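Labels for the chains are A, B, C and D, by order of writing; each one numbers its residues from 1.
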Amino acid sequence: MIDVAIVGAAGYTGAELTRLVVGHPQLSLTMVTSVADAGTKVSEVYPALAGVDLAYVAPDLASIAEVAQLAFLAVPHTAAMELVPPLMKAGLTVVDLSADFRLTDVATYERWYGVPHTAAQLLAEAVYGLPEMARAEIVGAQLVACPGCYPTASVLAALPAIESGVAATDRVIVDAKSGVSGAGRTPAAGTHFVSANEAVSPYKVAIHRHTPEIAQQLTLAAGAPVTVTFTPHLVPMTRGMLATVYLEMAAPVSSADLVSLYAERYADEPFITVHGEGRYPSTAEVRGSNRAHIGVAADENAGTIIAMCAIDNLGKGAASQAVQCANLALRLDETAGLDAPVPVV
Amino acid sequence: MIDVAIVGAAGYTGAELTRLVVGHPQLSLTMVTSVADAGTKVSEVYPALAGVDLAYVAPDLASIAEVAQLAFLAVPHTAAMELVPPLMKAGLTVVDLSADFRLTDVATYERWYGVPHTAAQLLAEAVYGLPEMARAEIVGAQLVACPGCYPTASVLAALPAIESGVAATDRVIVDAKSGVSGAGRTPAAGTHFVSANEAVSPYKVAIHRHTPEIAQQLTLAAGAPVTVTFTPHLVPMTRGMLATVYLEMAAPVSSADLVSLYAERYADEPFITVHGEGRYPSTAEVRGSNRAHIGVAADENAGTIIAMCAIDNLGKGAASQAVQCANLALRLDETAGLDAPVPVV
Amino acid sequence: MIDVAIVGAAGYTGAELTRLVVGHPQLSLTMVTSVADAGTKVSEVYPALAGVDLAYVAPDLASIAEVAQLAFLAVPHTAAMELVPPLMKAGLTVVDLSADFRLTDVATYERWYGVPHTAAQLLAEAVYGLPEMARAEIVGAQLVACPGCYPTASVLAALPAIESGVAATDRVIVDAKSGVSGAGRTPAAGTHFVSANEAVSPYKVAIHRHTPEIAQQLTLAAGAPVTVTFTPHLVPMTRGMLATVYLEMAAPVSSADLVSLYAERYADEPFITVHGEGRYPSTAEVRGSNRAHIGVAADENAGTIIAMCAIDNLGKGAASQAVQCANLALRLDETAGLDAPVPVV
Amino acid sequence: MIDVAIVGAAGYTGAELTRLVVGHPQLSLTMVTSVADAGTKVSEVYPALAGVDLAYVAPDLASIAEVAQLAFLAVPHTAAMELVPPLMKAGLTVVDLSADFRLTDVATYERWYGVPHTAAQLLAEAVYGLPEMARAEIVGAQLVACPGCYPTASVLAALPAIESGVAATDRVIVDAKSGVSGAGRTPAAGTHFVSANEAVSPYKVAIHRHTPEIAQQLTLAAGAPVTVTFTPHLVPMTRGMLATVYLEMAAPVSSADLVSLYAERYADEPFITVHGEGRYPSTAEVRGSNRAHIGVAADENAGTIIAMCAIDNLGKGAASQAVQCANLALRLDETAGLDAPVPVV
């Protein structure tokens, strides 16, 4: 068993990580940290985790290094860049779910996040934690930078069309819809039940920080600069994310062609379903899982490819993808702890 | 008082029309028809309409013509094309909410709807019931073809950018999100609570029948062919629709420019709010009203305009817009019966 | 037109009052106050109230008295008892939606609310604003204390059985279910979308402050002490309240008997529907209205009467009932501004 | 590995059973039957079950007996009484989730279900599948009749108070709230999203068929006849059930006393949490699990005990409880396949 600490364990992503590590056959959860909930039992904060016999402790670098071989960081950006260097120095494998090590270009990071990067020397070592794009690099890595929920869904939807050259690179449009848990556990006006219920609304239009991350990954896939327009929307559900991606055809292509292309690209992926022609993904069908369900269609009249990907924003978009990356980094079975079927409703 | 009949009054749109006509200062509701609910009191089917002292009757052309000067048709396509000619011959003003008289080109209609048009001679007489585009034609018209809910939101979002030439015409992308009431009152697998709740999913991708209607209206506005890619999504809420429209800039333009353009275009519109820079519409804020709330932003890096319009799919997207059109057709005050403020939550 | 001020106008109840006063044929809204939103336009805070051309101002006794003949107080308890004496002295009619003047016994108030009552001398003047129980007293009153949402639904459900003697007085059980808007506009952990969605949960079991208010009114109706057990629950919807009340039969009675009794008791009530045998109320059917829908059944085997009442917690449970009371206090038509039918979904 | 068939596997309960059997360390799923979906792959009907490599087959007694040692019956009442005798004769262990073998008194069954019982000779052999009440009998049983969802929550809430004599037996009131999945997978008017959303409504008041089942079990616990009034309500959520039970105190008792009593009674139960004083269960906290969370309070003034139990209607109320019973019947570890923690939101 490999000892694991979760830093920032009391948020939604941290709680999902807790659940997954506890149920994992080869991981052993030795520490959960939380600044706000230090001293409280996990099952007190989350009665759904009755049976998890741990209490939150205040985060402390020395203690983490002592009890864990791997640390998941479910902390805000800037917090991660302070934790990562000492944890790596202490020999831990770090799976970071913050934004701090996702962007390879430090200037891009500093422009979009508005803060200096204090651990830029580690950017070259960090591997981007999207196994469907970067599996080989993740295997054995000491620092994995897990993608945001929006980039995961967007990149998985666009990838086969972009890397095959079927789609042009100059105008990729991502219209994404997220459940409210994506906004975190802290109450706020926009996530008040009465505000969010019965409401669909866009936010941070054209300025969301996940934009450069999507562009970076698609550029990597295309081998040429890809421009991305990204519009996130909040929809009235707890979990789930759907990215609807619009791409310009490089040459005429049919829906059947696209389904074949996608099915082939993802044929060996353990967590991806490519739907047949005319069937499209629903967020409800991936809730609670590490799966991505993908549908694709051609609008031949307009010359547009429409690729749709549904994930669970807290699952493949956060916690379970981090476990998938940890499995790879630790050279375990990639699906360990992630292959139980999930409730159908 | 002008006597009004509602044909197909027991569906959601018919019930909203019932509510609006009953509350209208110059209209008097004399007949509500329903095949399925004939013989039942309105307040029995819809306890929310306690106080409406009418029962549904089976539809009958002679009786309608006898008791009404204006008829709202809230019936499926093909049913309307049978009713419209005799009702017009009997001298009634007809406000048709079906698809039968929206498309000016009969071949387009027959291709998308898969049926022959049996009243094509009246297409030239029909005016498209979007007051913000065609107010002058609607005034005094005998036959108004009210837009579908998707075209209403999509066209209102794109119109200022398209007709001003600020946007290019060759690749308009509409990503629309609808509440479940848009699917009507008949229970079905996809609208079962358990299926629709906690789910966002696209449907009829690139083949939805509202596509040619959106293209027709934008082409009219541009004075040049506009190609539209349209993806509808179902989201877990009862009412509301958001269209997020992506347009290519014809020349560089800023968010501030766009807000000015939109604010000016809609300055005199009684039912439209154009939000300031950085504020975006929420379906919750138009629920139950005839309003359209619009936000617009420039993604200057990608050369993309993002225009968003929120309406109530049963309001401005159906029943209340039909009343707005009736007001114009009857030369009443355009806002009569439509100006009461609506609940804030 | 009678000039009206709304004090505490930026909460949900205040916003509903704003909507109702603006749409009222004989009331004119001259002032809306808010501590937190002073200086902001109403339509800025609530885009649904586009068309309301007022800005919030900080509350100030002298100004209120200057511009209004009637004041609605949508403020927390303790705030009302400071405002009421000077406003009454200045000659205003006051419709108070707080708890400060609902309980006739000052000791009961002080025990349940934990604060001294500083305007106890006015308790004798205050009339309880439930027209179905106290219409005659409300007519012409200068101070109306509007019931809480839970007491409104609970008392309307129990009243005919209690005052007729059909039900025993010694063990009345109220199990009530409320939409989340009842918890107000301020974000909190329990009303965060993610917490409240997909959740039913009881709270303040046996200790909710509405308990003595329900008991007081049923005791008044029975002419003998009534003991009430009250359990409120939060359910995942924005608006609506259902009270399910269990009463012990004083003598055997059938469902048909009960329906007759209830129908007769409420025959002249403009806002109450008593459903026929076997039909029960749904909160969805009263949403946005001032109506109360009631169903009643006998469990003859157990000797239990089950009476159910659905209201809109912000409507008959708060804002629209306050307008109904204002109509009576001002000797206007009781239904003025409240009789427009509401959306069916 | 023990071979298992699920009969009626395409409904929600059947699909949950599928998920649980597939993830169970000692059970092997060999057959899933469905009349309506015969011939279709499980993952086609339920994409969430991607990875389950089986297709539905039409139910056939001989085949079931051939491939399975244990059969779960997730079929309607009357269907089960035809299947049980031959399956038992063929030596299978049968875990029946229908109502056919829950009531020990055949006359009661025939009165409430309105049909003759054709396998009454097996009623004496059937054990009631509520482990917290009847663990010893379930161990090694060949026929287990699993409780309905309402009885599970209601009995667990009332049991400690009833069997200890702390509560009187003569007037037990159960007010229960269920998620919509309890109504099954077949679309209907009442479970249409638009009808069920934003709605709380009671149904089958005082006539629901789970009433005699609750009364039977509490009578057994009390050793004296218990009379039950039962009111089910539908609330707008997919999964979850809360039973709020009101009992008359036999003698004065405090909340602290009750919490102790309940905590002690359920101390060794692997799936029950008894909350401390002042904390109450939420359906959200048991979603997807086999857990029951219980809170209890005394209304000392009224002499009423309020006991609340939250379960997942498809989990402890159906599928996972059936697996718990199967574990006991097969003499496996009671928690096998049921102890993975569940998502916190």
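Here is the rule we use: contacts are C-beta pairs under 8 Å (C-beta built on N, C-alpha and C of every residue); 3 or more make two chains touch, one makes a residue touch a chain.
Quick caveat, the model's predicted, so the values are computed rather than measured.
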Query: What chains do chain B and chain C have as common neighbours?
result: A, D
Task: Return the chain pair with more inter-chain C-beta contacts, choosing between A-C and C-D.
output: C-D
Field: Centre distance in Å when chain A and chain C are each reduced to the mean of their C-alpha atoms
entry: 46
- prompt: When the C-alpha atoms of chain C and chain D are each averaged to a single point, how far apart are the two points in Å?
  reply: 38
Task: At least two other chains touched by the same residue of chain C: list those residues.
output: 12, 181, 194-195, 197-198, 236-239, 281-282, 284-285, 287, 345
- prompt: So in the complex, which bits of chain C are touching chain D?
  reply: 171, 173, 175, 177, 179, 194-195, 197-203, 205-206, 227-229, 231, 233, 235-240, 242, 244, 246, 248, 255, 280-285, 287, 295, 297-299, 301-304, 306, 308, 310, 345
Field: Complex interface listing, chain A residues touching chain C
entry: 12, 180-181, 185, 187-189, 191-198, 236-238
Message: Applying the document's contact rule, which stretches of chain B touch chain C when the two form their complex?
response: 12, 15-16, 18-19, 22-23, 46-52, 181, 198, 238-239, 273, 275, 281-282, 284-289, 291, 293, 314, 339-345
